[in-house]
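Both complexes shown next keep chain A, but they swap its partner, so chain B is in the first and chain C is in the second.
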Partner chain A sequence: MANTEAALKEAMTSIEGTVGVALVDYTSGMALGTAGGSKELDLTVAAAGNTDVVRAKVRTMELLGLNEDIEDILITLDSQYHLIRLLKGRGNNGLFLYLALDKGRANLAMARHQLKKIENELEV
Partner chain B sequence: MKRALRTRAIRADKRAERRSPPMTLPKPPDPEVLAELGRLRARLPQLTGAVAASVDGLVLAEDAPGIEPEGVAALTAAALGVSLRLTDATGQGGFRELLVRGEDGYVATYAAGASAVLTLLAEPRINVGRLHLEARRAGARIGELMDRTNAPPQEQTTNPNPTPN
Partner chain C sequence: MTTATLVPPPPPLSPMLARLADERATGALLRDHGTLYLDDGQVVHAESPAAPGLEVLLDGRLPQEGWQEAFDLAGPDGRVGRYLVDSGRLADGELELAHLGVLFDAAYFVLGPGGGPTRFRHGVAHWMGPVRPVPTRVLARECLRRRELLDALWPYPETDDSPVVRADTDFPYPVTRRQQDVLDLADGVRTPADIARLLGRAAFHTLVDVRRLAAVGAVATPQETPVPAPVALPQWMPQVTEDPDVALLRRLRNALEAL
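Now for the complex of A and B:
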């Protein structure tokens, strides 16, 4: 079991091509923790903005009558992948992990796999 | 002797009265500030009201249907007084923002330059992260507008509440 800080640090170092990672509470839009990021990638802004993305998808599924959970959301940019992984179980509802990857260096399948592992070990 | 002292004191009072600036009457809302509030409400649909007020509790501009803006501005000034003392007493520097969460929503106050504050009312479901981002930006913009109108000519007033971003 890893705490928030350790899990974010692990994502930053073990997932190839990671440029920033955040654990976000989407009931408030605030980040519980961040690692990495830069002037171009303000993780506080990313946390608030992607909260709207997650909320919109949750609402859309409600409207469609899909009684399912979101595992993850992938957004592909010209030079980056943004991966949003919703946390499940153990009272972790309302949280997601946000991972920004450099497209040139990252392996998407491996990143998804590793992020899943980090989520499973994360204790908030 | 006593009387002489008293008359002197009265005269000093009168001089002080003459020197102090006249009471400012409530000004009509600044159209630029009002436009900023409108933009903020458009960006954050879950806002239920926005009031820009001077730090002493006068309404500068408001976009808050169904809410008494004068009351909000006066209460903001009172809360600001306590907040300033609290940040001061605990060594946290100048006032930046104040967030109150009620059962049915939020009340948030943001510094807007040296002489004004921005008070926002929001639904409980609002994205607080975005509320902060947008409101800090709007507060800084309103602060610029107010400091520009209040600044005496040829004298640059420094903003004691520089807002990040």
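Now for the complex of A and C:
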């Protein structure tokens, strides 16, 4: 069990091609922790904006009557992958991990697997 | 290619908070809506009557005896947070995330507008002890962002502290499960803060849900200030003159001069 900072740093170093990672509260849109990022990728802005993506999907599923949980959401850009993984903690306050990957260097299957591992480390 | 970046204006950090951060002060900042605790110029804890505390948010995860034990053994040294982790009651990240949630939630109300005068008591520490200190600037920026978020959702701040009243209609509003929980507890008496406590959720999150519900019309938006009922004039007033106020003032003046 790691603290937030350690878990996010681990994501940065262990997931190949990671550009930035953030742990986000999806009701308020606040980033509880970030690692990486750049001038082109402001993680606090990305955190707040992606809450709308998650909310829209949650709502759509509820409207469709799909009684399922979202494991992750993948957004593919020209040069990046953005991966959103919803945390299913005991205290489930609605948190998600947001990972931006360099498309040229990343292995998507591996990244998803490792993000799952980091989720387990963050929770108990 | 270079990207032009717009530099946002600096967040309106209260001058007092900025000075305390510069001085690396330790103590308690007291306002009408709660208290911020500073340690070495950084915010380490916040509490507000409007926001549920850690014991509410961790209800079901940490039993009352767990709190009591930690409070008895580590309270006097101001290390309750550390103790909860060291004794295996809570995991490191779990405490950190829950505590950050509580800190930002309470601080939103403490630093909110109309919070009255600010006092600072040097040297006062909270029994929780530092978990993850937050720089004052980060906190002030987040409080501002939250206020803007609420106003972007539905610009009626009265919604935040008025009783939540369900709209009187059978129209099926598209609400999420979390919003439905809020709606189920809206009895026309409970405020968003009351509902947050009952649900064991952060108060700000409930404000977000209530503003969204008000925006779709599922709950009523309260009037800014209730218009006072017109006061009935005494029977004799209209007989004296068309303009009762002038007549009244004249009579008062005359009476005063006669003294």
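What we mean here is this: the second predicted complex is superposed on the first by the 120 of 124 C-alpha atoms of A that agree within 3 Å, B and C clash if a C-alpha of one lies under 4 Å from a C-alpha of the other, contacts with A are read in each partner's own complex, and residues count from 1 in each chain.
FYI, contacts are C-beta pairs under 8 Å (C-beta built on N, C-alpha and C of every residue); 3 or more make two chains touch, one makes a residue touch a chain.
Since the structure is predicted, the reported quantities are computational estimates derived from the model, not experimental observations.
With both structures placed on the common chain, the touch criterion links A:Leu95 to chain C but leaves chain B unconnected. Of the two partner chains placed by the overlay, only chain C lies in contact with A:Glu40; chain B stays clear of it. One of chain B and chain C touches more residues of chain A, and that partner is C. By the touch criterion stated above, A:Ala48 is placed in contact with chain B and with chain C alike.
In the superposed model, A:Thr4 lies in contact with chain C only, and not with chain B.
In the superposed model, A:Ser28 makes contact with both chain B and chain C. Contacts of A:Arg59 after superposition on the shared chain: chain C is touched, whereas chain B is not. Applying the stated contact rule after C-alpha superposition, one finds that A:Leu122 touches chain C and leaves chain B untouched.
Common to the chain B and chain C interfaces on chain A are residues 28-30, 48, 55. Every residue of chain B that touches chain A in the complex is listed here, in rising order: 127-133.
Looking at the complex, you find that chain C touches chain A at residues 3, 5, 57-58, 61, 91-94, 96-98, 100-101, 104, 132, 142, 145-146, 149, 174, 176-178, 201-202, 204-205, 208-209.
Considering their complex, residues 24, 28-31, 44-45, 47-49, 51-52, 55 of chain A touch chain B.
Chain A meets chain C in the complex at residues 1-4, 7, 23, 25, 27-30, 32, 39-40, 48, 55, 58-59, 62-63, 89-91, 93-95, 121-124.
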